[in-house]
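Naming follows writing order (A, B, C and D), and every chain is counted from residue 1.
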Amino acid sequence: MVQNSSTSIQGRMTTFSPVLGPVVLTALFAFLFFAPMMLNAGLLFWVGMTMIQAIFALSWNLLFGYTGLASFGHAGFYAIGAYFTGAALRYDFQLPFLVVLAVAGILGALVALAIGVVALKRLTGIFLAVLTVALTEAMAKIIGLSKALGEQDGLGNIPRPIIDLGFLDLDLTHSHDYYRFLLIATVVTVAALWWVVHSRLGRSFRAVREDAERARFVGIDVARVRVISFMISGGTAALAGALSAPWTRIVTLDQVNWLASTQPILNSLLGGFTSFWGPVVGAVAYTGINYWTRTFAGLSEMLVGGILVLVILLAPTGIVGLLGKATRRIRGNGGKK
Amino acid sequence: MMKRRTVLKGIAAGAGVTLGMNATYLRAQTAPIRIGASYALSGVGAPVGTQMLAGTEIAIHQINRDGGLLGREVQLVTRDDKYNSAESVAIAREFAGDGINLMLGGSQTVTALGLAPLAPELNMVAIIVAAAGMPVTHELFNRNIFRTTANNYTQYGSLGRTLIEQNPEIRTWVSLAPDGDFGRDSALFFGRAVEKYSEAASGEKATVLDTIYTQATATDFRTQINQLMSSQAEGLYLGIAASAQISFFQQARSVGLYDKFKAIGEVGNSDITGKALGRNTHPNLWSICHWLYNQEPFASNPVSQQLYKDYVELKGDDFPSGQVAAGHRAAIALFEGIRKAETTDTDEVIGAMENLSFESAGGPVEFRTEDHQMLGLNFYSQMGPSTEEPYFQFNKVTSVDAVEMIEPANPGQPFDINELPQ
Amino acid sequence: MTSQAVFVLFNGLASGMAFFLVAAGLTWVFGILKILNLAHGAFFMLGAYIAFTVGGAWPASIWSFVGVALIAAAAVGALGYLTDQLVLKRLRNVDYHYALIATFGLMLFCEGAAKFIWGTDYQAVMPPPEIDRAIVVGGSYISLYTLFVIGAGIAVFAALEMIMHRTWAGKIMRAVSNDPWMAGTLGINVPMVLMVSVIASFALAGFAGGILVPNQALSPHVGASFVLYAFMAVVIGGLGSIRGTFIACILLGLVESANATFLSQYGGIAIYVMLAVFLVWKPTGLFPAQGAT
Amino acid sequence: MNSVPLLEATDLRVNYGTFEVIKGVSLAVQLGEALAIIGPNGAGKTTLFKALTGEIGCRAGKVVFQGKDVTKVSAHQRTAEGMGRTFQVSRVFLELTALENVIIALESRDRNRRQRRGGWWRTSPTSGLIKEAEALLTRLEIGNLRDEVATTISHGDKKRLELALTLALEPKVLMLDEPTAGMAPADRMQIVEMIRNIRREQGVAVVMTEHDMDVIFSIADSVVVMNYGEVIAAGTVDEIRNSQVVRDVYLGKDMYHAAD
């Protein structure tokens, strides 16, 4: 039960060398920017979903990989954002879309704050896991009873927004246009998360993850740091949900159950939770696996489950961890510098 | 941005020329017609989705055996929508991206709600195979979608009418339904029909008690069963489906609910319930019936006979589920539309289908021009236990013409039962 | 009103004992391995399928019914041994989050495998003929099978209490649960105790599957409906405490039953409220595990 | 030394369940003083330590630090106000490098003093902070381990790193829970030398528990002896050395039993 007993993680590795990193990221961005011209609409849809899943996974991993708290009900936050945005667009709340996104994120953060203030001081580990699962299930039940949110059928026929910037209107009705907006939103969000993780605040997250007791005795307010991390994580997850609503144009209860909550967990672990980019790599890999197995109907659960177990047993640091190991072996030295 | 796209298209076209335009042109005339099918093949919708897929596959097999459509082979591209709306949205987009503009989908309301608004954007003809929700032909209506199944109002009104006409001696009815749009509405439609047709059936208006609600995903119905047992009712509409319905019967049977309720109408599980319960099936259980190969009027219908023959041959199973016909019917609707349009162009096919009539395993059907709702006979079956494998049997099939039970077409507007003339 | 109250009590007890049959194994393995086995429901489901395969849909008598449940217990116990050797054993000394996620993967795998083996058609197993009827108590209809489930729950609880507090094996279990390191230095074969616990926990899941299979339709997702309640019960009860779990199950059953009767328009929500209240008010549970703070 | 003590505990009582572990302990530490708490295993030394630093709460009694009642004040707040603490089994942030470890402590110190260096947007610590961290590492003779991940460094170096973390906070009092436990004798004397230097240079007070009498006698000015949760003797090092009570408690007991 002691956190520092995770012997399998030998420090955080920097897989991307200073030169390679920017090159890879630029190439990736270029590919994603021109994707609408190269990919068919179905694939493009999956690329968009992957970006949303990547944000979602990053938000979970901020909590787990950086602060050492595992939420098993993260879909609840995602759903807050998705349902709020869906309702705002469907029932035309008369709010600019960017404000809708911001409110969605703030709503997620406020819910996280409420849970955190009441529970997080005492709740970590199993308790937090069960509490987040239970709250998410309860939320699903309540949504299922709400007529305005579509009850069991979900909130469908969500229109895509038009952003009024004052001097010009950005019409995102067409899927290619919304896709580009989504891409930019993803880049901004990922950059913001990158900043959080590498900032002074991020270092205090890591201190709490590594050893909460020690962190307390260097003067870090552990409970406060945890709540802050929970808020950023919840807010970001809600933002991911908010971005998803106009993309899928329907929000359903499928996105609120505890299986949905495991999606970011799966992506983070598959990619490697010890690295910032792990969840992104995981989201891409998972979509790839899913896309590749889409014709083996009925086998997907076995495959996904099997992959999860194998990853935990054989490569607990995920794909990024494996890549790191491989590059170090190729370079022929164990040390980093 | 627009410019760049045009440039890229230009490059692609240029490449096409150098690679030999003749081949491309020729292929358009003889290449297979590709039709997308998106059914729930995993998750809770799988038992139904796989049967529908079988029907569609048989229809494809049949049309190709008869020489194809417009002289071209028909190819089916199948995807699993996992009973998930996001997945069905992705599949429709993938189809569109692959140049497929004709698809069958929406095997459940959840997936139909995601799919329907998308069809115009993707310039597709989308056949909603089995989703019966009212919005599809009302507020979500657009001219790209066609529904080849009865809507909820027609379906559950007809079920109520069938039950009271077949069991006129039952004076008091009650419904057990999941709390939610569908449950409330179907119980309401059922109850209204029972009241409306009871006088004609027995000269006296039947009583319909307040609906008892449960959760859609409940697994324990003891509280509701106790309420049912304590009520005055002898007739029951059961609005819970799939495994929940079977759990209900398991829990209800041992407290004697089968003796108390003389007739039960259920939401659409049909043989799924029969197969699971076998000799413990309620003796007077009425279901929505899509197809029963060995019962009249299906047994003497040539489309039905051929469907059964091909099912046995292709699937190696002698007992097809009624849902097979739903998948079959949807595919035929599309084929006939293409045949009539003499092209696979979206607009032409829509135009052709708007006043199309064709033969299905359940007799002639047609689309209502205004809201693309299919009309025809709707069938209801009565089942009960049997002493031989599979220990349940269908005893009777009745039908109600949809024309008598449907609301006036009102595409674009939400449906409200209280606005209908009584 | 009184008859309604009696029914709520009875129904709550019935649900509670069904939850406990599932939760018993879960809390045992948590007490000793400190792992929340998310795959527990899946193994419960496998137990139910095995009972269906061996015993068929119409058990001949109550004795053959119980016998089949024991066979399911043995079979799932064997699966437990396999799981322990292949997966759990390798996760003993690492961060518990790994085990949590690995068992989640196992759950998905088992559900997929069940679909593969038994198909997606629903099955319905009936209670054995002796208890396949109802009695009427004060206007409420009570099925004998439900009474049997209550009896089975109490019997399993009594047996576990006996083993844990009256036998030598129980003493060893408790010693390992409290302090595995100390138990090891006292010459107890700790790895063996852990392995036996895993097998016993899985066997309990299989047994629960066999006993509860007539309660509802059998499908690969049948575990999910019980296991969430079981998790809640384990947490409310105080992780690893069998007594606490037993009481928590009864509480959950009663709350759920009262919710369904008196507040049916908000069905299923009360237990989540209850859980949240408990987690905040008594985060260590009704009977906190020794050594937990 | 009759001014207000730096740290003062009055009639401190701590329970584990219904069992009273600390039964009314009082002690005082003056500015710059080094106090050692000794006693056989199970005497309650570590529990007392936890109560003083705020790791656990106490049932009754009072802890006053720098004239302020901190009995109800949380551990991190006491740390922020100048209580630096090390653990019996050294605790550092294992997956971070030595430098990152110290930087986290320095940043925490600055945060608690509401000081901020550099713009809010910057991610990496300022060069000033890095220099300060490096200086600390060098001072504790582990400058060469700057970029090593803490899991990989030796036991003794971890103790030094932990000390560096604590010193980064610029504490008024160093609370050392068995600073030399589990170290080789040579290492042990180095640590002692280091602590003496720190005291000399910074005038920081020290409260320590320790088993090794040599360590105690080289660092401490005064000693408190505990047994069964009570103080049985207190005084200067020489007084304790010659105390009959202490001899009675210790003789016949194996002081070097496994750590409790």
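In the analysis below, contacts are C-beta pairs under 8 Å (C-beta built on N, C-alpha and C of every residue); 3 or more make two chains touch, one makes a residue touch a chain.
For clarity, every value in this text was computed on a predicted model and none was experimentally measured.
Considering the contact criterion stated above, the chains in touch with chain B and with chain D alike are A. Note: the chain lying farthest from chain A is D, by mean C-alpha position.
The mean-CA centres of chain B and chain C are about 38 angstrom from one another, to the nearest whole unit.
Per-chain CA centroids place chain A at a distance of 32 Å from chain C. Taking each chain's centre as the mean of its C-alpha atoms, chain C lies 47 Å from chain D. In whole angstrom, the spacing between the mean C-alpha positions of chain A and chain B is 37.
Counting partner chains per residue, chain C shows two or more touched chains at residues 115, 120, 265, 267-268. Within chain A, the positions touching two or more other chains are listed as 141, 145, 298, 300-301. Shown for chain B are the residues in touch with two or more other chains, namely 42, 46, 179, 215. Interchain contacts (touch definition given at top) occur between A-B, A-C, A-D, B-C.
Of all residues in chain A, only 4, 9-12, 195, 198-200, 202-204, 206-207, 210-211, 213-222, 336-337 touch chain D in the complex they form. Interface of chain A with chain C (complex): residues 1, 3, 5-8, 64, 70, 72, 118-119, 122-123, 125-127, 129-131, 133-135, 137-138, 141-142, 145, 258, 262, 265, 269, 298-309, 311-313, 316. Contacts from chain C toward chain A in the complex involve residues 34, 36, 87, 90-91, 93-98, 100-102, 104-113, 115-116, 120, 228, 231-232, 235, 239, 265-269, 272-273, 275-276, 279-280, 283.
On the side of chain A, the complex with chain B involves touching residues 37, 39-46, 49, 141, 144-145, 147, 150-154, 156-157, 175, 248-250, 252, 254-255, 294-295, 297-298, 300-301. For chain B in complex with chain A, the touching residues are 4-5, 8, 41-42, 46, 78-80, 82, 84-86, 89-98, 109-110, 113-114, 116-118, 121-122, 133, 135, 139-140, 178-182, 215-216.
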